[in-house]
Amino acid sequence: MAELTYRDAVARGIAQEMERDNDVVFLGEDIGKAGGVFKATVGLYEKFGPLRVRDTPISEQAILGAAMGAAMTGLKPIAEIMFSDFFAVCFDYIANEFPKSRYMTNGQVKCPLVVRTGNGAGSRFGAQHSQSIENWAMMIPGLKVVAPSTPLDVIGLMAAAVRDPDPVIFFEHKSLYATKGEVPDGEIVDTLGTAKIVRPGKDATILALALMVPRALEAAERLKAEHGIDVEVIDLRSLVPLDTQTVLASVARTHRLFTVEENPRLCGWGAELVSIVADEAFYDLDGPPVRITTPHIPLPAADILEDLALPNAERIADRVRRSLEG
Amino acid sequence: MARKPAAMDDAAQRNSPNDDIGEALRLKLYRMQVELREAEQRAFDLFLQNLVKGTSHLSLGQEAIAAGFGVAMKPGDLSFCTYRGHAHTLARGVPVEKVLGELMQRDNGLMRGKGGSMHLTSVEHGVMGSYAIIGAHLPIACGAAWRAQYKGDKDVSVCFFGDGTTNIGAFHEALNFAVVWKLPVVFVCENNLYMEYTPIGDVTAVEHPAADRASAYGLPRIVIDGNDADEVYRAAMKAFEIARAGNGPSLIECMTYRHSGHSRADPAKYRPEGELEKWKERDPIKIYRERLKQFGVGDDVIEKINAEVMQVVNDATEACKAAPMPSLDILTTDVYADGGWAWRN
Amino acid sequence: MAELTYRDAVARGIAQEMERDNDVVFLGEDIGKAGGVFKATVGLYEKFGPLRVRDTPISEQAILGAAMGAAMTGLKPIAEIMFSDFFAVCFDYIANEFPKSRYMTNGQVKCPLVVRTGNGAGSRFGAQHSQSIENWAMMIPGLKVVAPSTPLDVIGLMAAAVRDPDPVIFFEHKSLYATKGEVPDGEIVDTLGTAKIVRPGKDATILALALMVPRALEAAERLKAEHGIDVEVIDLRSLVPLDTQTVLASVARTHRLFTVEENPRLCGWGAELVSIVADEAFYDLDGPPVRITTPHIPLPAADILEDLALPNAERIADRVRRSLEG
Amino acid sequence: MARKPAAMDDAAQRNSPNDDIGEALRLKLYRMQVELREAEQRAFDLFLQNLVKGTSHLSLGQEAIAAGFGVAMKPGDLSFCTYRGHAHTLARGVPVEKVLGELMQRDNGLMRGKGGSMHLTSVEHGVMGSYAIIGAHLPIACGAAWRAQYKGDKDVSVCFFGDGTTNIGAFHEALNFAVVWKLPVVFVCENNLYMEYTPIGDVTAVEHPAADRASAYGLPRIVIDGNDADEVYRAAMKAFEIARAGNGPSLIECMTYRHSGHSRADPAKYRPEGELEKWKERDPIKIYRERLKQFGVGDDVIEKINAEVMQVVNDATEACKAAPMPSLDILTTDVYADGGWAWRN
């Protein structure tokens, strides 16, 4: 057992898999000698050498294309796209190549790779380096999509992602890199498609992801302390596969649903979850399902503005309380 | 500058004992070209009969490139094709029936109709896919070559694309990447003078869209006659040798012309008068038939090959006509590796 | 009054605006001399000449980047991206540049342009040329998103889009190009952000877009004829701005909601609409809101498979009937 | 080959009556470089005081490029910058206060804190934006140049970017596009030898990442000393002349070096020993101060300029410290042209 940062958990998760399997290779910009711009891959170059940890040019299409070609023919690449916003310069691989090759070829072509990327706001980087874009991946059939909120989940889900035979998009949250958590020694392997009830409760269900998980938990504590409202908080962890059973079972107990999304509102994962619950658990609901999201705007750079944009514990608690009381 | 092996400069020398191609290979190159021609001609006929559905992009007139490379490639070498990939797929030994079946959306097709004509793939033959988004497969071919380099495998990845593809960003990223990593990949530009309907010269800053960019990646400038299967074969062999020796990628621009429209929807009215006719005189199969004759191959041998190929294509056609449509339950298979499409529990 | 195809309506809509304003320019691949691969822009090159109707190389990033630079500095460009699937090779402009420049610069930079594109299935083109990707645009803050279903709407919404001071993504449906409709003579200008009730009804509300509109209408006729069920069909026409008033008012009358989407399920516009209605009109609903979508799969090429994938009148009618009866 | 005006080959000649720069311009170039240096040095100090927030990317050591181009540009010419755009923004006459205010996220900033250091924009000064996605602004600059061409305007669009940017697809698309359309755009590559932390030579197929690609677009190969403001100015003037005459784009590679890390997060440990020191000897401001002296400019004049610049930067700093934070209601303004953010009714 050791206390580890989310940042160090990334390196440990990758190292665990690279040690296990020689076919796991890692490529990206500044990931090797420099240890990554978020210092999340420090030590891997030294440990696994320049043939397995490869610095690339600023060529995101080449990075993802090369990962795919390698995956198709026998390697298990992990590719870094430095900021998730840069998915936009290599989106063809994310949207049209990785996820469709198996289907189009009637199962002939496989694409077992992981794209890991720094996602989310909080660093005051402005509109092109702060986005939360899980829905860009979730909306594409054929991908798997993961977004851990703790160091332990980073390692376990990274292992699950690397071992998965399908393309997995792995969203690391930039504002979580410095957070810490207890992590057991030895190999850690988790399972994709499993949500976690991180706080049981009976009055309402809150679904959250990544940075929104600690904020939802804080909101839950406030609601309990200040209003005696006992909410259940679920960390979705994986958007595809999606653990709807855990969600539906929770709503069947609590009868109220809230989603807390960092992504700007339109077509976010919250909409998908709300529409599943509204359709399949309509008669379980005692009131309207509510989405708490970043407003549908580009993100501002200034700290006071950025802080205002993202859902925080206060806003979440307030919205839940108003909804349950109203 | 077109790279011409010095020994090949005139027909007389071709009959010399120094002949580097040899009769067996020569007949193979001929047969291959005829097969590509007849199979695609058949695809067109079947389209007119409404039996080929969706779109399709023929390589009629460009067969020497697919044949020259196909014959030069060894088992294990990998092909990365475009939507205009019928010929390249067949050139790796994929049965005509499998290709026509896919075009006809039958259950016997390469992908049982799920991919269609633009995505022909036969992994068992080394055809790692046909890609319909311009440029996408150049980086992918780099990745396959990276695997070979990493694993110490000796196969080469060959990536075919058109002149128009040289103006998209992925071309540039792939070329730089392949050179920096010294990957065993061969980039083959089939310059057929047009993107869809627009002449490549109207939209390109240099005369030779691939070759005139080679120096931007520290590569030699190579332009060859893409309608001469022997020349293609030689260029391929040379590039493969470089790749297998660990000396990195090549970029080869093959000058050619497509006889048909861009796709089945295109009557190709944009051609200047006489252009098609001029190129038909340089039809690769015509050229090669003359070559065979120069080397003393008799008409009977040629006709026998033609007839055998025709038989293959006829048999394939019948098999496809008789083949069932795919069963509807494959709609949701093979999205994920577990065989299904479940995105939730 | 004349009968016009949807295809010809595109050319007429563009011509109307190019005649009105010399600053309207048009660029894309094969759009000029060749009249476009869908023949939707025939005659424009002849009419407006090579300086206003410009054929480009296969360089989608250059096309959209150039459109943006021109829009920022005084022109009103219309850019064609041949198939909407190709948004993936130029997505940076769609997602990070057009929609964020005004906000990031505190209003200094404007970006009045239109990206028109062939969207949707039905041509048996397979997984990389058949997608319905309205949600790729809808999810991005700062864009406007339009998808007409009739020749008349094509002209009117094209005019509105070209005159709009913001970036507009204009989805033309490939399977509608050959359809016909009556179109009055003279200038036609419509309004973005207005949905149309294309069939009034009292038993349920169906929301549809583009190719799904005629299919929803056909389903409505079947439901009426075969089951006496009287559904209201709304053509959303514009996803951003979104005419939620028309939708909410309809649901307040019919008490049931169905959405019919061509896009694969996850994070589609149907999810957004369902979540709006579930939140804001929860107590108006007499039963679960239901989404009818293409399954969450890449699209197959074969006609029988493609036909099976997309919602059609029979499936829509069946789903509505079962839901209302159940 | 580096393009060096013949007349400039040795210092002696620079003092000749043929001096093409002239004293007024020379003092302007000096003052500009000092202003860029001091303003960015101040930004760094303010960062250490926790008053500059978010990220920031300094051009310390690269000032000659921004100054040379900034001084050569006419009002109406347009600048397209990267996240490393403070210097280029200031070089168009944008007040230091406006830039520091943005870095400090104050209400007096260029964009009132909404954009941040990576997106400095001042349309009224022709600074059409700073772009933080590598390569994105090259095509955008083409578009602005297209407008000039279409409207018959005589302005030039100048697009600045780094060596690392030459390996991304948009670079290639923009260069080809600009040449084919003969657009009045000047592409300026600031080769500071590194992308973020990786040496450009490790990931690039050619030695000069921009200039060695020029021929791929039919452009001449231009490499200049980016630490010599005069040389930059001359190259700029020549390119502008070509652009304004309707003769299309130029691509200029300027050799330089950044003294600081890539961004405020970077201690730049990846530099080989002695590299920074070597380049500091070629500090553009040092070079230029010597140049002034060669041309007989007295220390008093130089010190006066330095003092004046320092005063400007000090005043700007105080103004920024006194400026309020932006009001919270701008969070949702200016998403759309109507001033608001409403996506629904």
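Read from first to last, the chains carry the letters A, B, C and D; within each, the first residue is number 1.
FYI, a residue touches a chain if its C-beta (ideal position, glycine included) is under 8 Å from a C-beta of that chain, and two chains touch if they have at least 3 such contacts.
None of these values were measured; they are calculated from a predicted model.
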{"item": "Farthest chain (mean CA position) relative to chain A", "value": "B"}
{"item": "Between C-D and B-C, the pair with more C-beta contacts", "value": "C-D"}
{"item": "Centroid spacing, where centroids are CA-atom means, of chain B and chain D in whole angstrom", "value": "46"}
{"item": "Between chain C and chain B, distance of the C-alpha-averaged centres to the nearest whole Å", "value": "37"}
{"item": "Chain centre separation (chain C, chain D; CA means) in Å", "value": "41"}
{"item": "Chain A-chain C separation of Cα centroids, rounded to whole Å", "value": "30"}
{"item": "Shared-contact residues (touching 2 or more other chains) in chain C", "value": "56-57, 59-61, 85, 88-89, 92, 96, 103-104, 126-128, 141-142, 240, 266, 296-298, 300-301"}
{"item": "Set of chain D residues in contact with two or more other chains", "value": "112, 114-116, 119, 131, 133, 136, 167-170, 173, 176, 180, 202-204, 330, 335, 341, 343"}
{"item": "Residue numbers on chain B that touch chain D, as the complex places them", "value": "167-173, 175-176, 179-180, 202-206, 212-213, 215-219"}
{"item": "Touch list for chain D against partner chain C, complex", "value": "78, 110-112, 114-116, 119, 121-123, 128-129, 131, 133, 136-148, 150-151, 157, 169-170, 173-174, 176-177, 180-181, 330, 333-337, 339, 341-345"}
{"item": "Touching residues (chain side chain C, partner chain B) in the complex", "value": "29-30, 33-34, 37, 55-61, 85-86, 88-89, 123-129, 266, 295-298, 300-305, 308-309"}
{"item": "Chain A to chain C touching residues, read off their complex", "value": "85, 87-89, 91-92, 94-96, 99-100, 103-104, 126-128, 135-136, 138-142, 240, 263-272, 274-275, 278-280, 282-283, 285, 287-291, 296-298, 300-301"}
{"item": "In the complex, chain A residues that touch chain B", "value": "25, 51, 54, 56-57, 59-75, 77, 92-93, 96-97, 101-110, 112, 141-142, 144, 164-166, 193, 240-245, 276"}
